[in-house]
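One structure follows; several queries about it will come next.
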Amino acid sequence: MKPLAPIHPAPLPDYTAVDFLDVDSLLTPEEKALRARVRAWVDARLMPIITECHFAGRFPGELVPEMAELGLLGPTIPAVYGGPGRSGVAYGIIMQELERCDSGVRSFASVQSSLVMYPIWAFGSEAQKQHWLPQLAQGTAIGCFGLTEPEYGSNPAGMIVRATETADGWLLHGTKKWLSNGPSATIAIVWAKTGDRDDAHSIRGFIVPTNLPGVTVHRLDDKHSLRVSESSAMTFDQVKLPKDALLPESGGLKSPLMCLTQARFGIVWGSLGAAMACFDEALQYAKQREMFGKPIAQTQLQQSRLADMVTKITNGQLLALQLGRLKDLGTMTPGQVSLAKRYNVDMACDVAREARRLLGANGILGGWHSMRHMANLESVYTYEGTHDMHTLIIGQELTGLPAYR
Amino acid sequence: MAGSAEYSGVDFYDIDSLLSEEERAVRDTVRQWVDDQLIPVIGDCYIEGRFPKQLIPGMAELGLFGANLPEEYGCAGLNNVAYGLIMQELERGDSGIRSFASVQGALVMYPIYAFGSDEQKQHWLPRLAQGTDIGCFGLTEPDYGSNPAGMITTARETADGWVLNGTKMWITNGSQATVAIIWAKTGDVDDSSSIRGFIVPTNTPGFSGKDQKGKLSLRASDTSELHMQDVHLPKDAILPKSGGIKSPLMCLTQARYGIAWGGVGAAMACYDEARRYAVTRVMFGKPIGQTQLQQERLANMLTEITKAQLLALQLGRLKDQGKATPGRVSLAKRNNVNIACDCAREARRLLGANGILIEYHSMRHLANLESVYTYEGTHDMHSLILGQEITGLPAY
Amino acid sequence: MAGSAEYSGVDFYDIDSLLSEEERAVRDTVRQWVDDQLIPVIGDCYIEGRFPKQLIPGMAELGLFGANLPEEYGCAGLNNVAYGLIMQELERGDSGIRSFASVQGALVMYPIYAFGSDEQKQHWLPRLAQGTDIGCFGLTEPDYGSNPAGMITTARETADGWVLNGTKMWITNGSQATVAIIWAKTGDVDDSSSIRGFIVPTNTPGFSGKDQKGKLSLRASDTSELHMQDVHLPKDAILPKSGGIKSPLMCLTQARYGIAWGGVGAAMACYDEARRYAVTRVMFGKPIGQTQLQQERLANMLTEITKAQLLALQLGRLKDQGKATPGRVSLAKRNNVNIACDCAREARRLLGANGILIEYHSMRHLANLESVYTYEGTHDMHSLILGQEITGLPAY
Amino acid sequence: MKPLAPIHPAPLPDYTAVDFLDVDSLLTPEEKALRARVRAWVDARLMPIITECHFAGRFPGELVPEMAELGLLGPTIPAVYGGPGRSGVAYGIIMQELERCDSGVRSFASVQSSLVMYPIWAFGSEAQKQHWLPQLAQGTAIGCFGLTEPEYGSNPAGMIVRATETADGWLLHGTKKWLSNGPSATIAIVWAKTGDRDDAHSIRGFIVPTNLPGVTVHRLDDKHSLRVSESSAMTFDQVKLPKDALLPESGGLKSPLMCLTQARFGIVWGSLGAAMACFDEALQYAKQREMFGKPIAQTQLQQSRLADMVTKITNGQLLALQLGRLKDLGTMTPGQVSLAKRYNVDMACDVAREARRLLGANGILGGWHSMRHMANLESVYTYEGTHDMHTLIIGQELTGLPAYR
């Protein structure tokens, strides 16, 4: 049979970010300008290649320099360390716009910013900051974050990776899993117990160059989700580290959890971007797609879908912004971050699924974005604290009673 | 059960006691075949976006194609419950494989059986049952998904036969089919009563097909576009007893019936995987299966699966009595696929980070079921079919 | 069906064909009785918070009390499906009436039948079947709802019998009962294996009961507190074969079985009311039943009801084979009451502003079902019972 | 059998209004002070009697003077007409606090303020304003609103009540249904067609004293819901009205819909108050109630309930406040009100139901509030535009396509 030209879906208008309750009126001109800059870059550079990257399972590393130039890496890091020194809300806006394209791209920026640059900035020595932060901000160095272990996901306190102090430094041994950016990382921020197996207080952070002898990176391929992001496991076989590999100010499980709070904040905004992308695609499609002689947008069932989506998105927008304002006021609590991460990711999962369904058969094709988001968001639902773990974090904050076990 | 390696199905309400010896035997045979032949290769096929062609002879040997059609045409002549159980077990493996069998049996062999001449039946049914011929079903068009009566593909009668022109989309098996059942209008474009079915060998000049690439779902199944440009067919290419949109809709009712069973199989696979994982995965010093939140997930899944099993079985018994009305089939397709989507999603989530890896099955089912949710009548279309049956009022 | 005045049940999947002549006859008799005797008075009873005592003789005459117990004790000796259908039809009228029959049959007559001596059976069962005696079931205590094994009511053995002390709460029929089945610990307060059942005439000195007023649910049913202060009982007041918490839990399994059927009846009543309203209520120039949003509501309700009917029936068949395990009963009670709550709520909403008036039934069912959701094992407790059965791990 | 003292549920601590995301930080001191005043009055005067009123089906009319004194009637009406001239947010806060006690009490204030005083203020003559607004603000006059008819609920344009112009005034004829406050009302704002049956443009508003000959009020009793509010139907049998009974500035269906927008705004806040009351009751109960040797608040299933509730309430709080700010900016659109009414009432229905369920068997007793709220909110779900109608209003705003029929 001879081939023929594929039937392409009707092209949709450019992306329009939904703002049903005029949440824009609560943003500053600078915040809106930043958002416009990032959105334009995403439209020009990321959107055209994202589907191909997704199917190929490839991270578009070639765009890292541009991301650095736009100040998307470590946005909140002060200028003295080569960062743009932006606000929490500005950081959130960047994550929203990146994930509007793909959760994997946003994950790259989240890890670099919140899980690598943040701990160096918060727990590092002046020398460490001076040395690493500028390179990371410029993207000449890429970082990854090693906390989770194969048997210790929701319960990192149980970690078994150990760092033993030696005469001239440290000996790092064990295996970490689910390190995003691992394969291209120059350094890994690795969390290990310096004391007994059951002593979570002895957890400290280390800056580990990935080219050290004994460090092995294992790619995790064949993923249904976040195919654009490089997931990996990393084994450390008696890796010798110098004394100054230690993040001096880190101490106890509290330190990595502080990093996760930063990353979760970014996810609150990022998942919102994904949901907005799906809603826009669904709305434009519904207006164009005719069935039974009228646009499906004119049927009650599809309008019901769209009304539910826009309501959830509006909630997510107000949650994210209020959380960001609290962050910039310095009053944001981990429980508040949990509430917003749990709601926004869950609502984004639902919005993506309903958008996929509104798109009908076309919705399963890579040319449309909603189903890719739907698949990506399943990882987001689970990582940085699963939906259920956040349920119990909120529950403990409300009741004062832990119910984890 | 907990922790055991072998898949042993899900039967909380002793539904096996409602099945005959033969029905259970058929079910167990297919289940074993899926364990031995399909499960080991499905992961790679899915990632590579490849249909496991090599399994076709084995499926034919087991009599899985058109299994509910009479033996005189080389089919297994099973009742509709046994047929449903085959679909359940195939979809426990993968929706794409079940789709292949559904198309071959319900959308190609059934219309030939129901609307064909004796010659057509004698010629085609045995070859299709043996898998020496592969069929596809050409009804849906790019702009006429939920509304097939609006099709614009035409069949013009000529002195010596028919000439077909048009484009069909979302055609499972399209690119590998040797024969296609094409539905076209023999009269005006607005006269859906002029729709007739045609048997079209895919090597007929003017007939071309092309795979739709870049699917995020049913990646182990071929989905194609068919293009027909002045395809000349002999007089006897027409299915003589076909007439009007009712004929292809009768085929869809057959296929939807199988999907109602297939959804149950996919949900059972996800539940089984989630349960095994829950009792072995330790967190905070005990299996996550011992936490209330995960037990609630599992309890909800088991409840929905049990109800879906009873729905499918009662529908099957009604079908064997000739009482499986389209509305009844819609209810089961709509419900069983919907709960399968939910079970797959909840299972994926119970599996945590590991749930996104191909070595686990739930997320593959999650992605596949989104197609099943939409095809053969979208969830919403079935809401409105049921709504009309309930109220007597159309609201399309 | 649409618009017809008479309630004619809901049977989309021809489930009647799975019932015997006798089962259908029993169902139809009770349905007619509910139409004639209960429906006309239930609205006033509900508003006034009054149980329609006057209906007891009629119910007894129909053999509705302990209908699945043997005829030798003056009972109807029906199978469990017929018994379930009785519960379904009674709850189609009102959950409070079904509760009355459940208590009398499953929680009073059953324990006497299962754990009682021949004398006790001969003496009590016929009188209870005839409704000349009314019973209640004293297990739950103020601080021990989901955890009855923790009860603190005691039965101290004396030279000539027993002395009971304690308080029971949430006792249906409590204030009008002539006899109570009281569960108490004969040993230490932490020894749940010492729990025994006692037959206590409510006129025994020291025994008092009081209605719990101000209910927003089950207003046509009496709910009481029972107080026992040095209640002296003869030796033969004890149910000889009762022993441990297992005995009252066996009674609850009987009652939950009936509730699984009752929930279906309530859901059917709401669906029927909503469907009739939808096809007759005109808005924007056409029946609201012709809008997609209301058709989706109705389609969802019909689907859930059909599944619940199949669950209840299969559970009943298993019960007649002695295979209705507690876990299986939990699944059906949890599911059927839950979907009944949802159907009642959606029906209420389809009825619009009129839905809050007593002349419509759905909101009364909505309020009643909240009690049913909680009693005889809350929804959450059944989640954990199922979870334990699935995983083998307790998470209470 | 002799009676015995009832076993009372453990008394719960005083009401604590949940504020998980520090939404209070967005309120002015004046707004917080007003809220505290109303809350204190509700605690002191309404809470002690509400259960008895509910079972008796009685509206506590004796409290109207105090409500007037607190400025709860027509809060946004300017001082020149005897109103407190408060902001939209202040009005919302009042509704939130009233419905924290009972939807029926809030309904009374909503009708008086948004459906009676507002139309007189917006569409009335100077003389009408001078005459009626002060009396209504003082509660010496009570009003009700006649728009809905037995056969015309969601479709008021179809109304059949007619006002025929005569030599010396108007002749009003027909039947209205679902008039809250009807039985105690001094006046009714009645909407009638002055032209043909099918001419919705001819709809005008009239001030109708309920003591006029030909006006009959029919109480709607035996309600499951809003038992504290006086619902009624009203028949007008060739009622003679003077010329100046007409609201001169009213014209077309648009006028009553403007009133509904005001009322819906109040419902957005009121339903939030009901949800907050249920959440607080559930949380306090969960902490006190022990089962299997620990508080049920320590079980995962109940914490999951509570986490869902607090998330929905936080969404509702941010929606209500943003909507209020837009109202005070004068940019609030009906579609935005529909989104918030639809979400907040729906979430309040869910929160009330889950709270009822967390309360277990006790939850069905009148001594607890959640189930009363649950029953009340079913009316709120339906009135002032059903949930489904708001779905289609939002749908039309999103798609530009009407799908009502």
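Order of writing sets the chain letters: A, B, C and D. Residues in each chain are counted from 1.
We adopt the following convention: a residue touches a chain if its C-beta (ideal position, glycine included) is under 8 Å from a C-beta of that chain, and two chains touch if they have at least 3 such contacts.
Values in this document were obtained by computation on a predicted structure and should not be read as measured data.
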Higher-contact pair (C-beta pairs counted), A-C versus C-D
C-D
Considering only mean CA positions as chain centres, point out the chain farthest from chain B.
D
Report the inter-centroid distance (CA atoms only) between chain B and chain C in whole Å.
42
Taking each chain's centre as the mean of its CA atoms, chain A sits from chain C at a distance in Å of 51
Need the CA-centroid distance for the pair chain A / chain B, whole Å please.
37
Contacts with two or more other chains, residues of chain B listed in rising order
286, 291-294, 296, 383-384, 395
I need the residues of chain D touching at least two other chains; which ones are they?
299-302, 304, 391
Chain A-touching residues of chain D, taken from the complex the two chains share:
20-23, 25-26, 283, 286-287, 295, 297-300, 302-304, 306-307, 310-311, 314-315, 318-319, 322-323, 326, 329, 331, 335-336, 339-340, 342-343, 390-392, 394-396, 398-403
Name, in rising order, each residue of chain C that touches chain D in their complex.
43, 47, 140, 142-143, 145-147, 167, 169-170, 175, 202-203, 207-210, 212-218, 225, 227, 282-286, 291, 293-294, 345, 348-349, 352-353, 355-359, 363-364, 366-367, 370-371, 373-375, 378-380, 383-384, 395-396
Which of the residues in chain A come into contact with chain C in the complex?
299-301, 304
In the complex formed with chain B, which residues of chain A make contact?
1-4, 6-7, 51, 55, 148, 151-155, 158, 177-178, 220, 222-226, 290-292, 300-302, 353, 356-357, 360-361, 363-367, 371-372, 374-375, 378-379, 381-383, 386-388, 391, 404-405
Complex interface listing, chain B residues touching chain D
291-293, 296
